[in-house]
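Shared chain: chain A. Partners: chain B in the first complex, chain C in the second.
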Partner chain A sequence: MSAAHSPTSLTKVVVHLRATGDAPILKQSKFKIAGTDKFAKVIDFLRRQLHRETLFVYVNSAFSPNPDELIIDLHTNFGFDGKLVVNYACSMAWG
Partner chain B sequence: MSGASTVSASEAHKLVWEGAIPLLIHLHDSEVTTLPPPPPALVLAPRLGYLPLLISQLKPYFSSTLPPGVDTLWFEYKGLPLKWYIPTGVLFDLLCAEPERPWNLTVHFRGYPSNLLLPCEGEDSVKWSFINSLKEAAYVINGNCKNVMNMSQPDQVELWRSVLNGNLESYQRVSSKLKLVTLEDEYTENINAVPTASQENSGEGDAAAQVKSGRIPVRLYVWTLTEDFDDLESAPQIDNWDKVSYINRPVEIHKEDGKYFSLHDAIKTLLPEYFPASSFGNLGDASTNLSVADEGENTCDPDSSSLPLENAEIKLVRIQGIEPCLEIPFSWVVNNLMNPEYFLHICICLKVSEANAVQ
Partner chain C sequence: MNQKESVRNIIPWDGALSSSDFFCAASAFSEKWKRFNPSAPPWLWVPSPKHHLLSSHKEEGYLSLEDMCFIKSSEDQESCRSQTWKEESSISQEEEAVDTATLVQSCFDEVNHYDFHIVYSPSYRVPVLYFRSYHSDGQTLPFDEIEKDLPDYCAKIRLESKWTFITHEEHPYLNRPWYKLHPCGTSEWMKLLFHGDTSLNKNGFVIEHYLVSWFSVIGQVFDLKIPLAMLETVSC
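The block that comes next holds the complex of A and B.
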C-alpha cells in the first residue's frame, strides 16, 4: 500500500469496466489509463461510449468515488489482482 | 461509562463540531439587477458542512435582485471557483494561509462553470457525495462497506440530518451503530467505542469488523512553495486547483516499541515521494533506497518520476483549523479531528526544490 509512487510517474493502471443491471456491455472492457488521471476521465469515457449522460459509476460494486480522485490512488487503495474494477449502471444500483 | 454503546464526546469533538467560519458573501456584480446593490450577507458556516448547503440562508438576501433564471449556486474566492465537495473548514484552511475573518467570498446563482466544477444539484448532490465518502472510508477501514449499505433508511436520514444541523449527539448515536473503529487511543479521556475483549468475542459475523484495523482514511491537500516567505500572508495565493495535489491514501499505523506514532510520522508515511530519507524500513521501495544511497546524484531516468533526494520541509499542517505540533500522537488526531464521514482532511504546505514543485 505504501510503496512510493510519485505523482509524476508514468504508471498506467488497468481498469476493468463491468456493466451492472441492464447497462450495455462494452465490446472492449479493459483499458489502461494513466495513474495521474482523475476518475472523471473514466466517467466521461463511459458517458461517451454509452451515449448516456446519466450513469452511476462505482468501484468494486461498493461506492462512487469523487470524480476528482486520482486513478492511482483508487487503484492502490481498492484494486484487486493488479486492476481497478469499475461498475457502471444506468440506474442507482447501490444507493 | 463503558462499552461500545455508550459514547461520550470529548471536549475536542465538541469544539470541532461547533467550529464555524464567518463568511461575508458578496453577490457577483453581473447578477445584481437593482440599485442600490444588496449588501453582502454575513453567515456563519459550519466547518464540517458544505457551501451549497448555505443556499437557504443566502437566497433571501439576494432573491429580489437576481436576474431571471434557474439557480445554480457556486462560490469563488479571489477568482478561484470553490470545489463544493470539500468541507467548508478545509477550503478555508487551504485557501487562506493567513486566516481572513470574516472570509470574503463571492456567490453566483447563474452561469455555473461546468468546465471547472463538478455538477451540483443542491443538497442531494452533497448528500450523495457525503454518503459515498463514508462508504469509501468504511471500505478503507473494514475492507467493505456493508455496514453503511445495511443502514436502515431512518438511520441514514438521521445521520445526514445530524451533519446538516451540526448535532453531535445525534450523529454519535447513529454513527456508533456503524462500529467503524479505527484505533485505540491512549491519549483521549473519553474513548469512542473501543470494544472490550468480551464484545469482540460475542459473536455475530460482524464482530471481526470491530477489531482495530489501524487503517485510517485520509484526504490530503498538498501545495508546495519553492521559496521561503517571512509569513504566510506573503506566500503566493493558490489561484488554480492544479497547484493543489488532492491525494487519497490511508495511513497504516506502525507502532515501534517504546515509541508512539506521531503526526509527523504519519505525514512522512503518506508522502514518501517528499520524504525519501525517512526510515520506515520495508515501506520504502527499491528506487527510493537507491536514490538515497547515491548522495547528491540524481540517478533517476529523466523521463520518469524525479524522486527528490532530500526531505521536503513542512511549512504548514492544518487540520480542523488547528496547526498541531508535529509530535502530537497521531491516534489523538484521528480520534478527535476526523470529519463525520470518517475521513481525516489534512492541508499541507511543503517547501521543495523547483524540480519537485506541484505543477
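The block that comes next holds the complex of A and C.
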C-alpha cells in the first residue's frame, strides 16, 4: 500500500497515541492512518487495544475531536512536527 | 500580570473556575460560536435576578441555546413510509387517502426541540449542561425518547462512563425539572484537556478557551459538532 506517488486522497497521516493519567501504554504507539478516515477509527482502535468501551480521547489543543472529523483535517489544523498527537485516558474512579 | 493571575500560575490548576471566570468564558464562547457557527441558534446570556440580600456578581446568569431541532433520522421516516404502504394495500380507496395523510403527518411531526442551558455550579465550580426536549406541540419528551436522539455510542458512554451521566432535577434558576449532565467528573477531564499546565493559564488563555474545550466533550453526548475553526487556538 506504499505507493511512491500517492494522490492526495491516499495521503496517510502519522498519529502518535499518547497515554495520560493511569492509562496503559500501547506497545506500538505510532501509526499511519489514511487522511480520509474519520477520527472514529482512532477511537475504535484504542477501545479494542485497551479492551475498554469508554475512553477519554483528546488532542493537544485542549479539545476532544468529534468522531466524524476527518483525520486529515485534524492533522492539518492541529498536527505538529508532521504528526497528530492523540492523548487518551481511562475513566477515573468515582470520587 | 495582576496578583490573582500570579497566584494562579503557582498553584496547580484543578480544572475548575470561579463564577466570574465562568462569565468571561461564557462571553468568549458565545462570541466564537456566533462567528464560526452562524447557522446554529446562538448562545445567549440570561442574567439572573439576585437571590441574595448580599450583592452577588452582576455577571450572574447562564448561557442559553433554545430550540435546537433534532429531526428524526431517515431510517425512522422510512419505517413510517413502509407502514403507509401496508395500510394502502388493505383498505378502501376513500379511507386510503385519509390514512395516508395521517401517517405522513406523523412523520413530519418527528422534530424534537431541545433547549440547552450552560449553568455554573458553585459547588463543583464548573459549568453544567441542563437540557430539556419537547415536541412541536410543546409536549415534553420522556427520557427514553430523548435517548433515541442521541448517537448510539453515547448510550454506551452514559451507561459505562463514570464521567458523564444524566440526572433529572430542578433547574437552579427556573424551578422546573430539567435533565442535566452530572458535573462530578468535569474538573478532572478539564484538567486533562489542558494538561493541568499552569503555563497555559497566562493571559487568561484557559478562561477564554474553557467552554470551547468543555463543549467539545459535552457536545458529543448530543452529537453537536463544533466547527474546527472555532477550536483553533492562537498560541501553542
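Keep this in mind: the second predicted complex is superposed on the first by the 82 of 95 C-alpha atoms of A that agree within 3 Å, B and C clash if a C-alpha of one lies under 4 Å from a C-alpha of the other, contacts with A are read in each partner's own complex, and residues count from 1 in each chain.
The working rule: contacts are C-beta pairs under 8 Å (C-beta built on N, C-alpha and C of every residue); 3 or more make two chains touch, one makes a residue touch a chain.
None of these values were measured; they are calculated from a predicted model.
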Contacts of A:Gly21 with chain B and chain C, given as first, second, both or neither: second
Contacts of A:Ala89 with chain B and chain C, given as first, second, both or neither: second
Partner chain in contact with A:Glu53 - chain B first, chain C second, else both or neither: second
Partner chain(s) touched by A:Glu69 [first = chain B, second = chain C, both, neither]: both
First (chain B), second (chain C), both or neither touched by A:Asn77: both
Footprint overlap on chain A, where chain B in one structure and chain C in the other make contact: 60, 62-69, 73-74, 77-78, 94
Interfacial residue positions of chain B with respect to chain A in the complex: 83, 85, 118, 128-129, 132-133, 135-136, 139-140, 144-145, 149, 245-250, 252, 269, 272-273, 276, 280, 283-285, 287-288, 303-307, 358
Contacting residues of chain C [partner chain A, same complex]: 153, 156-157, 160-163, 184-185, 188-189, 192-195, 200, 209, 212-213, 216-217, 219-220, 223, 225-226, 228, 231-233, 236
Residue ranges of chain A in contact with chain B within the complex: 1-10, 40, 60, 62-70, 73-74, 76-78, 94
Chain A - residues contacting chain C, complex: 20-21, 53-54, 56, 58, 60-69, 73-74, 77-78, 87, 89, 91-94
